[in-house]
Amino acid sequence: GIAAEKNDSSSDTARSGGTLTLAIDGTSAVNDPAFYTTLGDWMVVDCVCRGLTFISFETNEPTADLAESWTVSDDQLVYTFTLRQGVTFHDGTAFTSADVLASLNRQFNDADKTLPKGSSRPLKGIGDNLAALTAPDAATVVFKLKKPDRTLLGRLSDIGGRIISKAALEKYGAGIGKNLVGTGPFKFASATAGQNVTLEAFDAFRLGKPPIDRLVLQQVTDPSTIVSSLLSGDISATQFTPYSALEQLKGDTSVTVYDTPKSFDAFIMMDVRRIPELAVRKAINLAIDRQALITQAFFGAAVLPDGYTIPPNQDAYDASLADLSKTDVAEAKRLIQEAGATGRTVRLMAASDSWHPKAAQLITQNLTDIGLKVETDSVDPAAYFNRLFDAGDKFHDLMIWERNGYYPDADDMIGSLAKPSGVYGEFMSGFNTLDGSAAYADMLFEAKNIADATARKARYSEIQRAWADKYMTLSMLVCASNPVVSGTDVKDMNWKALGNHRCYVENASV
Amino acid sequence: MKLPTPLIELEKLRVDFGGSGGRRVRAVRDVDLTIYQGETLGLVGESGCGKSTLGRATVRVTEPTGGTIRYLGADITTLRGAHFRQTRAELQMVFQDPFGSLNPRRTVADIVAEPLLRARRTPRPEARRIVDDLLDQVGLGREAGTRRPHEFSGGQRQRIGIARALAPAPTFVVADEPVSALDVSIQAQVINLLADLIRERGLTMLFISHDLGVVRHIADRIAVMYLGEIIEIASRDDFFAGPAHPYGEALLSSVPTLSRQPRRERIELTGDLPDPAAPPAGCTFHTRCRYAVDRCRTEAPALTEVAAGRQVRCHFPLLPVKGPA
Amino acid sequence: MSGETLLEIRGLTVGFDVPAGRLPAVAGVDLSLRRGEILALVGESGSGKSALSMSLVGLNRGPGAHIGGEVLFHGRDLVTAGERELRGVRGKDIAVVFQDSLAALNPTQRIGDQVAEMIRAHRKVTRGQAGRRAEELLGEVGIAGPAQAARAYPHQLSGGMRQRVMIAIGLANDPAVLIADEPTTALDVTIQAQVLRLLTKLQSEHGTAIVLITHDLGVVAEVADRVAVMYAGRIIEQGTRDEVLFDPQHPYTMGLLSSVPRVDGPAVARLPAIAGNPLTGVARPAGCAFAPRCPFAHDACRAEMPPLRRRYGGTAHVDRCVLDDAARTRARGALEVLAP
Amino acid sequence: MTGTWWLVVKRLAAVPLVLLALSTMVFVAVRTLPGSPATGLAAGGSSGTSSAADITANTAKINAALGLDKPLPEQYATFLGDVVHLDLGSSFYGGNDITGLLGDALPATIELTVAAMLIAVLIGMLTGILAALRRGTWIDTATRAIGTVSFSLPWFALGVLGIVVFGVWLRWLPVIGRLPNALDYHPLTNFVLLDAILQDRPELIWPWLQHLIMPATTLALSMAGFITRIVRASVLEVLGDDFVRTARMKGLSPGAILRRHVLRNSSLPIVTVLGLQFGSLLGGSVVTETVFSYPGVGNLLVNGILQRDYPIVQGAALAIALLFTLVNVVVDLLYLALDPRLRKA
Amino acid sequence: MSESTTTSGLRGALAARRLGRGPLAAGSWIVVALFVLVAIAGPLLVTADPTRNTADALLPLGASGHLLGTDDLGRDELARMVHGARPLLLVAFLSTGLAALLGVGIGMIAGYAGGKVEWVLMRLMDLALAFPSMLLIILIVSAWSPGVGSLVTGIGTALAPGLARLARALAAREAGRDYVLAARLGGTRAPRILVQEVLPNMAGPMLAQVVMTLSIAAGFAAGLSYLGLGIQPPTPDWGYMVQAGQEFLYRAPRLVVLPAAATLIFVVACNFVGDDLRDALDPKGTR
C-alpha cells in the first residue's frame, strides 16, 4: 500500500524493518498445530512455533531445531532427543521438555483438555505407534515406539510437531489457537477471521531477530485480485498465484517469479467399484494429453509425472516410471473397444477452483476422443471434498484431485495414496475391495523403513509399477508447483518452502 | 294509493371500517330503513356521512359488520353460494364515476352481458338479444355494443352503466350519485332516462345524491343521513316544504337557488362534519346545531315517527306546520 | 360597482398540442374585468374556463401550449411578458384560488408556512413577521384557532378549511384580481355557503375583483355581478347577472338554465335537457359551435360563427346567436325557461 | 404527535418478529447447503494415513461436538435460544465467536455500503434532477442513457476493471483491504472515522478513504444509474402536481419552487427506493468485498458458504438481513418525518 | 376518439405505433430481437464446436478460421459467444417468467382479496425482501447443484416479491374500482374477476416492470455464472466466460470484453425496451 511505503521510507539504508504481506487462501484466525483450518493458518503456525526437527525444503533432510541432537536405538524403537538450552518462548518462559510433552500429547491423546472441538491432530498416527513418551529430565525427551518408523524425525518437523509454551497452554487451554505462543521467529499480534493475521518479529528468536518488523498474512480469495495486488505492491509474495498469470507476471519488472519445485501431484482417482475393468482404467490413463494440461491448465508450472506419484523434488523420484503415465490414444481406443466400453458413460467430478475445472474440460475432451461419453460436475471445493467421501455419489467414477507433500518423503506420497485402508484406498478408489490390495499395507510399511536411500527408492519404484500395472486406481496427470511470486524488493525469502505451503521468512527482507 | 309492500328492510345495519393505528370508522351506525316496492328513496347528506357505504351494504358489495338485510322478507345478510347469486341478480347498482365503473378493456356488449351470463346464467344468444334491446332503450343504439367505453362521453358511459345494472332485470337498484360527475346539460338527460326506466320497469330505487335539486326531481321519499345515521325520513313534498330536523333545514337553505328574489333566511352551519371515527356524544349534530341545548349534548335522540310516514332523530323536531306560504 | 377596467382581454386564444392536432381550448375571447366586481365564468366541462383564466398569468405556459392575443394589465401585456416579469404579477397583483385544495397545497409543508411563503415572495419581511401575518390572514378567512391551523398540514384540515386556506393565500398580498377556479365545486352545500359568503365579504371589504369560475348557475345567481357563458372556447353570452340568468338570449344559456334541477319552484316530471354532447375534440364546425345541439339551428347557423352582438342599446348584454327576437321567445317557451 | 410515536413503536416492535422469521429462514436455508463441515474437519490436514474407520468415527465425534447429530428441531431450538441471547454460536473451524466476528466485520460493511449509498445518491440526485428539469432535451436523453448503462453494468466485472486501472496501471489506489497492513489500528468502535476522532489519530483517515473509495464507487455505480431514473421520474411527477402550480402562482422563482416544493415531495418515492436498494448494495457487497478482500460481512459469508461453516453463514446472513431491516425501519421513520400525511395514526 | 377505434392499452399502444419511437427505443427493440434470434438460430449457423479443445490456444482476433480468435483451451471464441447467448437468455426469460408467475399471482390475489389473506401473503413477501436478492439467490442456488434449474428457481424466487408488491398495489387499485364491484354485483366469481377484470387492467405497468425484471434477471444470471454458481463449464456462457477470461485480462482482454459487452448490451437494451413499454403504456406520461 501507499501508506506502507511512506512508513518504510524512513529507513532506506539498512534492509531492515518494514512489513511483509503474504497473500493466503484464508484464515479462521485459529492457529493451532492440532487443528487444521486453512493453509494460511498453518503458515502462521510455521512462523510462531518450531518443532524438535526442521525441514527447510531447501534440503529435504530433517535437521536439528529445538532438539539439539538425537540418538536412535539399534532396534529403531527408541528415539532420545536432547533439547536445546537457552531457548525462550514469546511469553518469556524457558523451553523445556515439559513443553514438548504438553505440545505433543495434544497430538497423541485425544482426551487432552487443551484440544478444541473438531481438532484434527495430524500426528495422531505417530501416537498410535507410540509405546511411551517420557521426559527423564528438563532437557531430554524419549520416544518409545511399538514398531520402527523411519519417518519419525521428518514427521516431527511437520506442523503437528510444533512446540507450544506449556504456560500458554495452561493459560489458554483450548483457546490456544487464538493465542499461539512458540519459539519461532515471529510472535502472534492479532488475527481476524476471514481477513488477516498479523505477526511481529520476535527479538529473542534463537537465530536472531528477523529483518522485517511485521509479517501480515492476508486472505485474498479472488485470483485476479491476487495478481493485481502483487502488481500494485499491496501483497509482497504468495504461492497462490493463478497459473494463467505466470506469463504476464514474468514479463513484469516489479515482481519476481520463482521456479518453484514441482512438489504436488495432480491426478485422477478412479473408483474401481464404478469402473471395474482394469482395461478401461488403463485406457483412461492412456487417453490423457498431459502436455495439454501442462500448457493450458498449468501454464508451464508443471512437469510430466515421470516418477509416477513421487514428485521430482523428493529423493525417491525415479524417472524410469515415466511409461506409467504415457499417452497413447490409439492404444486407449483399442482397450476401450476390446472391453466393449465404447459409448459408456463415465462421470467426472472436479472442484471448481484453481486448475481443476480447466483440467476437467481438457480431460473430458480426451476421454470423449477415445469413445467414452463423459458427464462432468464441477462443485465448490467444500462440497467437492465432502462428495469424495461419499462412495454413493453419482459422480464418483472419476475424481480430479491433488495432493501436496506434507513433508518431503515418499511415504507421504505413495505411502498414503497406495495404502488400501485410508481415505484414498477406502473412500475414493475402493482399492481395498480388489484382490491382493491388502498386501500393499505391509509392502509400504516395509519400504518406508528401509534405511538405505537407494534401496528404498528401488523398492518404492517396484511398488508403484506393480500398483499401477495391476490396479491403475490412480492416473497421474502432472506434478505441479504452487508458483511463488514476490515483489522484486522481497529478498532472501525461502520460496522453496513457500511452494510447499511452508512459511519460513525469518531471513526475508523488504 | 296502493298498500306499500316493503322490498328492502334494513335493521340495525352497521358497517365498520378498520383503519390504521386502531382507528375505526363506523360509516353506518345501526340504520333502520325500509324501502317499499316501486318507490324511489332519495338518500342525501354531506360528503363522508356514509351514503355510499349504506348503499353498497344494502346490496352487499360491502359486507355489513352487523344488522340484517331483508329482501322481500327473507334475510339475505349472510346468504352465500347459488342462492345468493339468484338474489344478486335482483339487486343492482349504478355507480357515480362514469370512468372507473366500466372496464376499459372490454366491449360495451361484454360489459352489459356479464351479469346476464353470470348471475342469471342466460345462454349467450339470448343475452346478446337482451343486450341489444337494452342499448336501444338507454339511447345508445345497439351498434354501441362493439365499441369500448373510452370511446364514449361521460353521459353515454353512464347510460352503459345503467344498461348493465338493468340487464339482469333487477327489482331493486342502488344509484350512487349517478349524475354528480356530469355536466348540467347531460345530467338532465340521464335523470330523465332513469325516471323513464323506473316508470316503465316498476323499479325500486335507492337514489343517493348530495344534490337536493336532483333528488327532488326523482325521489318519492327522502332520507337524510348525518354521520352514519338516518336523521330524517319524509315524503318528498313534506321535506321540501320544510325539513323537521335542524340539519335538513340548514341543508336545504344552503342550496344556492336560481331566483331573482332575495332568498329566504339562509341558515349557515358553522364547522364541518365531525370526524366519523370520533363522533360527538349525545345527538351527533349538536356541535353544529343552532338549537342545541344541554340535553342534546348528553342524550342521543332516537329516530321517532313525528307524523305519518315522517321520522326524525331529534329531541326538538321542527314541526312543518306552516310553510312560508 | 362600475369601477375602472383592471384587465382587458383581447382576442385571447389558447391552443394545446394533442396527438390529434392543436386543440383550441380558448378560441378568441374578449373580456374585461373591472375593479371590485365579481365576474362569473360559466360553462360546461372542457369549455375552456380554466384554460382562459390560467393563461391570464401564464400558468399554463409550457411546451405544447400556445397562447395568443392580449391580456392588458396596467398597460402591460401579460401574454408577451417574460417569465420574470410575470413572477412579479403572480400572487401579488393577480392571485388564483384553485379547485382541488388538497392537491393544490403542498402536503409536506405546514399551512402557516405556505401562507407566509406567499407573503415573503413579494415583500421584504422577516420570517417571524410573515408567520404572524399568515396567522392573521387565517383568522380573517374565518378559520377558528388560526395559530393551531398554521401549524397543521393540509391533510389535517377539512375541505372547507383548506379552501379557506387557499383563499388566505390568494389574499395574502391584497391582489387586485383574484381568480377563483371552481372554489366550491368539491364542497358540500353547507360548506359551499360558508365559502361563498367569505368570498363576497372579502370582495366588498378589499375591493378585489374576482373571476369566479363555476358551472353551478345557482352559485352564479347568488354572488356574481356579471356573467360570461362559455361554450367550446368562446364566450357565447355575456351580461349582468340578471340579464344573463333571467333574460337569457342564447339557446345554450336557455338550455343550461332550464336543465338545472331546482329545489324551488314546481317539481317538474321531466327536466328539459339539451341533447347531444359538448364539443371537446380538435375539430370545430364552421358555424356556431352549438348548432349541432341546438334545436333551433338553421342553415345560417352552420355557415359561419356569429359575432358577439349587443341586444339592447346601451346595455352590455351581448350574445353570439343569429336568431331574432321572436325565435328567441319561442325557444324560451319551448325550453320551459322559467319566467323571471 | 402521540400517533407518530405509536407508529414508530409499532414499526420497531415488528423488528424482532421479522428477525425471528429471518432466523428461521436462515436456519433452514443453511442446512440445505450440500456437504457437511464434519467430514472436512475430520479429514482436514490429516496426512492421508488415517483409516476410513478413523475418519468415520472422527466425523461422528465432530458432528456430536458441533451438535449436528441432534434432530433438526432441537438444533433449531438451540439456535433460536442462542440468537435471543445474542449468542450466534461459534465457528466450526476454530470456534471463533460469531458475535465477535460480526463485531469486526459489520462496521466495515456499514462503512462500505453507506459510502456507496452516499456516492450513489449524490450522483443520482444531481443527474436525475437535471434530467427532469431538462426533460426532452439531449441532456435528458444522455443522462438517461448513461444512467441505464451504469445501472446495467456487469457489477461483477466492474471491481476487477477498477483494480486493473486504478490499482495496477495508475497505482492511485490500493486494491485490497480496509487499511494498510503497516498501519497500527486498534479498533475501539471499529468505525475508522469514529475511532480516528475518538483516539485522536487523524492519520488514519486518508488511508482509510483511499481504501474505501474504489469498492464503494464500484458498488455505487449501478445504483446511481437506478437512482437517476427514480429521481427523474419522481421529480417529473411532482412537477406535474397541483401544488407546484400553486407555487408558481405565488410568483416564486424556479429555484425556490425546486427547493421548497419539488425536492421534498419527490424525495418520498426516492427514499423508499433507497431502502430497497440498500438490499442490492448489501448483496453487491458480498461480491465486491471478495474482489477487494475487504474485511466485511460479505467476505465472511462467502467464506462461510465455501467452508460449510453453518454458524458463520447463519450469523452473516442474519447480520445482513438485520442491517437491511434496520435500514428499512430508518427509511420508514424517515418517511414519517418527510411525509406528514402518514403521521395521522 | 381520434385514437384507434377497437383497441386500448397494449394493443392500442402497438397499433398507434407509440412503441419504439426514437432511435434509442427502436434500436433497443431491434437489439433484443437480435439477441433472441442469435440465441435461437445462432448455434445452427456457426458450425464450430464451442466445446472442442484444440492446441491453438489464445489465437488473436481474426486468426484464420477463428474470426474472434480462440480461448485458453483453444476453443473458437465466435462459437462460444454465439452459443453463450442461449443459456443467458434462457435463464433470464425462464426466471422472469417464474418471477412473473409467482409475483403477479401472489400480488394479484393479495391485492384483490385484501384483509388477512393480503396480510399473510405480503408479510411473506416482505420476509423474502428482507434478504438482499443476491443473498437469497446464492443461498438457494448453493443449496442445489448449480445449473439452469437452480438458477431459474433462485432468481425467479428472489425477483418475485418485487413484482408481487407492484402487482398487489395495482390489483388493489383495480379492486377498488367500481367496475370490479359491478362485476361482483353481476355475479362474477373471484377467479374470473381476477382474470377478466383485474389482470388486463394491470397488464400495462406490470409488463413494463416484467421487462425491467428481465434485465435484472439477465444481470443476476450472468453474475451467478461469474461466481461459478451458474451454468457449468464446458457449456459456453457469457457470465462464466467473463470469469474465466479474467485470468487473461492482460494478455487477451477480448475474452473478457466480448462476453461482458454482450451481457451489458442485452441488459441495457432490455432496460430501454422496458422504458419504452412504460412510456407507451403510462397514461400520465410522466415517463
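Should a chain be cited, it is by its letter among A, B, C, D and E, assigned in written order, with residues numbered from 1 in that chain.
Here, contacts are C-beta pairs under 8 Å (C-beta built on N, C-alpha and C of every residue); 3 or more make two chains touch, one makes a residue touch a chain.
The UniProt protein names, listed by chain, are B = Peptide ABC transporter ATP-binding protein; C = ABC transporter ATP-binding protein; D = Peptide ABC transporter permease; E = Dipeptide ABC transporter permease DppC.
Quick caveat: nothing in here was measured; it's all calculated off a predicted structure.
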Supply the minimal count of touching-chain steps required to go from chain A to chain E.
1
Top of the farthest list for chain A, CA-centroid basis, is C
Pair of chains joined by more contacts [C-beta pairs], A-D or B-C
A-D
State, to the nearest whole Å, the distance from the C-alpha centre of chain B to the C-alpha centre of chain E.
49
Could you work out how far the Cα centre of chain D sits from that of chain E, in whole Å?
24
Where chain A and chain B are represented by their mean Cα positions, the distance between them in whole Å
88
Based only on mean CA positions, could you tell me how far chain B sits from chain D in angstrom?
55
Chain A, residues touching no fewer than two other chains
224, 379-380
Among the residues of chain D, which are close enough to touch at least two other chains?
34, 160, 164, 305, 344
Listed in rising order, chain B residues that touch 2 or more other chains are none
Touching residues (chain side chain E, partner chain B) in the complex:
1, 3, 5-6, 8-9, 177-179, 181-189, 192, 196-197, 200-201
Of chain C, residues touching chain D in the complex
57, 59, 63, 86-92, 95-96, 98, 100, 103-109, 117-118, 121-122, 153, 155-156, 169
Residues of chain E touching chain D in their complex?
24, 126-127, 129-135, 138-140, 142-143, 145, 162, 215, 219, 222-223, 226-227, 239, 242-243, 246, 249-250, 256, 260, 263-264, 267-268, 271-272, 275, 284, 286-287
Which bits of chain D are touching chain E when the two form their complex?
18, 21-22, 25, 29-30, 32-34, 135, 141, 144-145, 148-149, 151-157, 160, 164, 233, 236-237, 240, 276, 279-284, 286-287, 301, 305, 317, 320-321, 324-325, 328
Chain C partner, complex, touching residues on chain D are 136, 241-243, 245-253, 256, 260-261, 264-265, 338-341, 344
